[in-house]
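You will see two complexes here that share chain A, one where it goes with chain B and one where it goes with chain C.
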Partner chain A sequence: MTARSDGVPPLQWSASGPYDLRETPLSTPAIPLLLAAEGDGEFHAPTVADFFPPAIFFEGTPFEFNRIMLVRFIAAAVLLTVFVIAARRAKVVPGRFQNVIEMILDFVRNSIAVEVLGEKNGRKYFPLLATIFCTVLVMNLTGVTPFLNIAGTSVIGLPIVLALWTYVMYLGAGVKAHGVGGFLKNSLLPPGVPAPLYVLLVPIEFLQVFILRPATLAIRLMANMVAGHLMLAICFAATSFFLFDASGGMKLFGAGTFVAGSAFFFFEIFVAALQAYVFAILTAVYLNLSVEAEH
Partner chain B sequence: MDVTTLAEVTGNIGTVGYGLAAVGPGIGLGILIGKTIEGMARQPEVSSQLRTTMFIGVAFVEVLALLGLVAGFIVPA
Partner chain C sequence: MMNSPLTATNADVLAAEEETTANLLLPHTYDIVWSLVIVVIVGLVFYRYVLPKFQAVLDERTAKIEGGIAQAEKAQEEAAEALKEYHQQLAEARADAAKTREEARAEGTAIIAELRTKAQDEASRIVETAHRQIEAERQTAAVSLRTEVGALATELASKIVGESLQDSARQSRVVDRFLDELEAAGDEPRTAQTASAGSSAGKEG
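Entry: the complex of A and B
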């Protein structure tokens, strides 16, 4: 940004991390306004750097361990502990704790597995779907857990692992059900289309089955969590700035941003559950497309 | 020749791009959810099936807007 001709000095601020705030696509005209309005206090707008926190240990190696990895380990530990306790104490007449766990698993089995895949295949793939649903749910909920404050799924690594799992499973299921040739014919040559159109359709279907499905699974989950984190962070950062650093009447805006932030907080809980549901149901749909009888 | 600046944009033009990227999915979600509600009102007994199908459709449409969000971070300014 060059100095303007009217003598107003260019805005100066520093954004920590490798990303300059002005260059991120989420910087809006409102940010310079807020920054220009600041006195001594700094307005810390959230940036992409939030998702690349400094390493805790093993810096520079492929095993670099940072805050988000720590959050993932905590979430995985909580998930394992809850399910081990539930399995150990399983009774015929469930208590309140067991009831909640059973409700979640029942929901996955009835509303996702059996509803999409049918009775036989639904029960067969239920462990896969339940694992995906619970993992995504817990990893998403860390984004709204106080002190953790970032979703384990908001960096692409974990969504890619889950999407690859789905990818391998639905390719494997298709090959197992129809053989390699049958699966390719099933998924690349949709029936009831005049033959010349296959020139167009085969590449599109190929892209769809082998690239777009797993890629969109991973991107959908990550982008939802990134967007959610940034919305929450910008609302609460603005609240803090307005309440403590802004002067006089500007403090009133803090109430507005706090209400908006709280609303987004509850919306994020909903989104966390919805994304877990969407990931699991799409896995079920892809499995079903692979295994269902030839048209 | 002097260049007169009538209007100046600060910040990143990518935000405008994201706004444009959100138009299509916005319309799509509106049609999709509206039609589902219509179907549910006409035939409440199939509403659970409609809801499941709607969420699958929503996931496909929603990813377009999210690709717009991601593209801003991937493509360097």
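Entry: the complex of A and C
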């Protein structure tokens, strides 16, 4: 649209891909600019279609298998291989490899489980938190793994499944601790509020506990990973475009976009770890809100 | 969209695109299915194998560390006890040494005192012997002197008086008497004694 308002004739680049980037809600202001810079259609900007690659097999069935599913399986296989080998070789006096694995587990145990839930409940829910943290972490890291290049959590299915697991666990924990009535009362009727306000508060709390918590868990994770992928893909696609397809001085822009892309690469590693931490700690917080007597 | 003539293809693309955009938040069935498969597999392996194994190792480590700490505490306790015992023994040894030294000193003093006593006895014995010897010699001298002095005096008196005093019995009686007087006057000053001896000798004559 920017291109058009500038009086530049409509670009014919859409022949290179199925979607018009300028029209997708996820397109950034950079895209039309980049597109306007060169009109030969060689620039392969990332699109939402990246997250819905063509099926490899079972197309059209509930078992349709595509590249992202493959990436997830690879990530899961790597995760399980590493942890199973570590567990099999686990000794009382740990080696370097075991130390690293134990550091991750200790982090989840101390900084997430026990920190939020206390000693007793922290130990009880540690397996849940450790599994969620490790799964999310490894699935996030596929986004910055060469050749995989897309996060397993950047498609909503996996975040939803994980969020539903959390959802079931914290509802179950609440009902187990206080009974159905007690849990509803604890969740929906916060103490210390004048009775008339409950007219407002009950629907808000209901929405919060039963819909927003799992929804935000899933969407936050997915959106972060989608954004990360798009930023990385734009930077490196632009680098490739500037270096190989642009002419003369335009090639210099390639250096800039490459530096930006590298910076985003390390930023994405940080985001991958951060989002895994956020997911796990929110799970712990929700569990704590459920099992706590009063809040 | 308004200022661009849309071909039929473009419209289709847009429609597809809108569907895709919505699908970013709404999962495909296959997505959920495979995600579920993965989560269940990972969860099972973690819950059944990985985490219990690490927990076991962790517990074992804790137990070992606690055992080690207990052992170290025991060892320290033993060391402290040994040190205490050693100190006690040292103190006892010191006390013993002091006692022995004290005894030795006392014994030494006793020996010295005994030796001193013995030496004193010996000395007094020697002195006494000497005294006795001197007394004996004095008496011998006195006896011999009496005889000689008697003879001399008698001779002298005979010559002076002209009368022979050869009668030995009488002579000796006179001398004895003289000497007895002399002795009796032994306590008096020498002049008196001499005078007395002279007078008695004169009386005798």
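In this section, the second predicted complex is superposed on the first by the 269 of 295 C-alpha atoms of A that agree within 3 Å, B and C clash if a C-alpha of one lies under 4 Å from a C-alpha of the other, contacts with A are read in each partner's own complex, and residues count from 1 in each chain.
Throughout what follows, a contact is a pair of C-beta atoms (placed from the backbone, for glycine too) under 8 Å apart; a residue touches a chain by one contact, two chains touch by 3 or more.
No experiment lies behind these values; they were computed from the predicted model shown.
Peer 1: Answer with first, second, both or neither: which of chain B and chain C does A:A246 touch in the superposed model?
Peer 2: Touch status of A:A246: no partner.
Peer 1: Tell me which of chain B and chain C touches more residues of chain A.
Peer 2: Touching more residues of chain A than the other partner does is C.
Peer 1: Touching A:V285, do we find chain B (first), chain C (second), both, or neither?
Peer 2: It touches chain B, and chain C stays clear.
Peer 1: Pick one for A:A163: touches chain B only (first), chain C only (second), both, or neither.
Peer 2: neither
Peer 1: Once the shared chain is lined up, is A:M231 touching chain B (first), chain C (second), both, or neither of them?
Peer 2: neither
Peer 1: Just to be sure I read the superposition right, which of the two partners does A:I219 touch: chain B = first, chain C = second, or both, or neither?
Peer 2: Both partners, chain B and chain C.
Peer 1: Could you tell me if A:Y277 is touching chain B, chain C, both of them or neither one (first, second, both, neither)?
Peer 2: first
Peer 1: Could you look at A:V116 and tell me whether it touches chain B, chain C, both or neither (first, second, both, neither)?
Peer 2: In the superposition, A:V116 touches chain B alone.
Peer 1: Residues of chain A that sit at the chain B interface in one complex and at the chain C interface in the other, please.
Peer 2: In the superposed arrangement, which is not itself an observed complex, chain A uses residues 23-26, 48, 219, 222, 226 for both chain B and chain C.
Peer 1: Chain A touches which residues of chain B in the complex?
Peer 2: It is residues 9-12, 14-15, 17-18, 48-49, 52, 55-56, 58-60, 62-63, 66-67, 69-70, 72-73, 77 of chain B that touch chain A.
Peer 1: Residues of chain A touching chain C in their complex?
Peer 2: By the definition above, chain A touches chain C via 4, 10, 14, 18-20, 23-26, 48-49, 51-52, 58, 61-66, 69, 72-73, 76, 79-80, 83-84, 86-88, 90-92, 101-102, 105, 126-127, 130-131, 134-135, 155-158, 160-162, 165, 219, 222, 226.
Peer 1: Which residues of chain C touch chain A once you look at their complex with the stated criterion?
Peer 2: By the definition above, chain C touches chain A via 1, 3-4, 10, 13-14, 16-17, 20-21, 23-36, 38-39, 41-43, 45-47, 49-51, 53-54, 57-58, 60-61, 64.
Peer 1: For chain A, which residues count as touching chain B in their complex?
Peer 2: Within the complex, chain A touches chain B at residues 1, 22-29, 31-32, 48, 111, 115-116, 216, 219-220, 222-224, 226-227, 274, 277-278, 281-282, 285.
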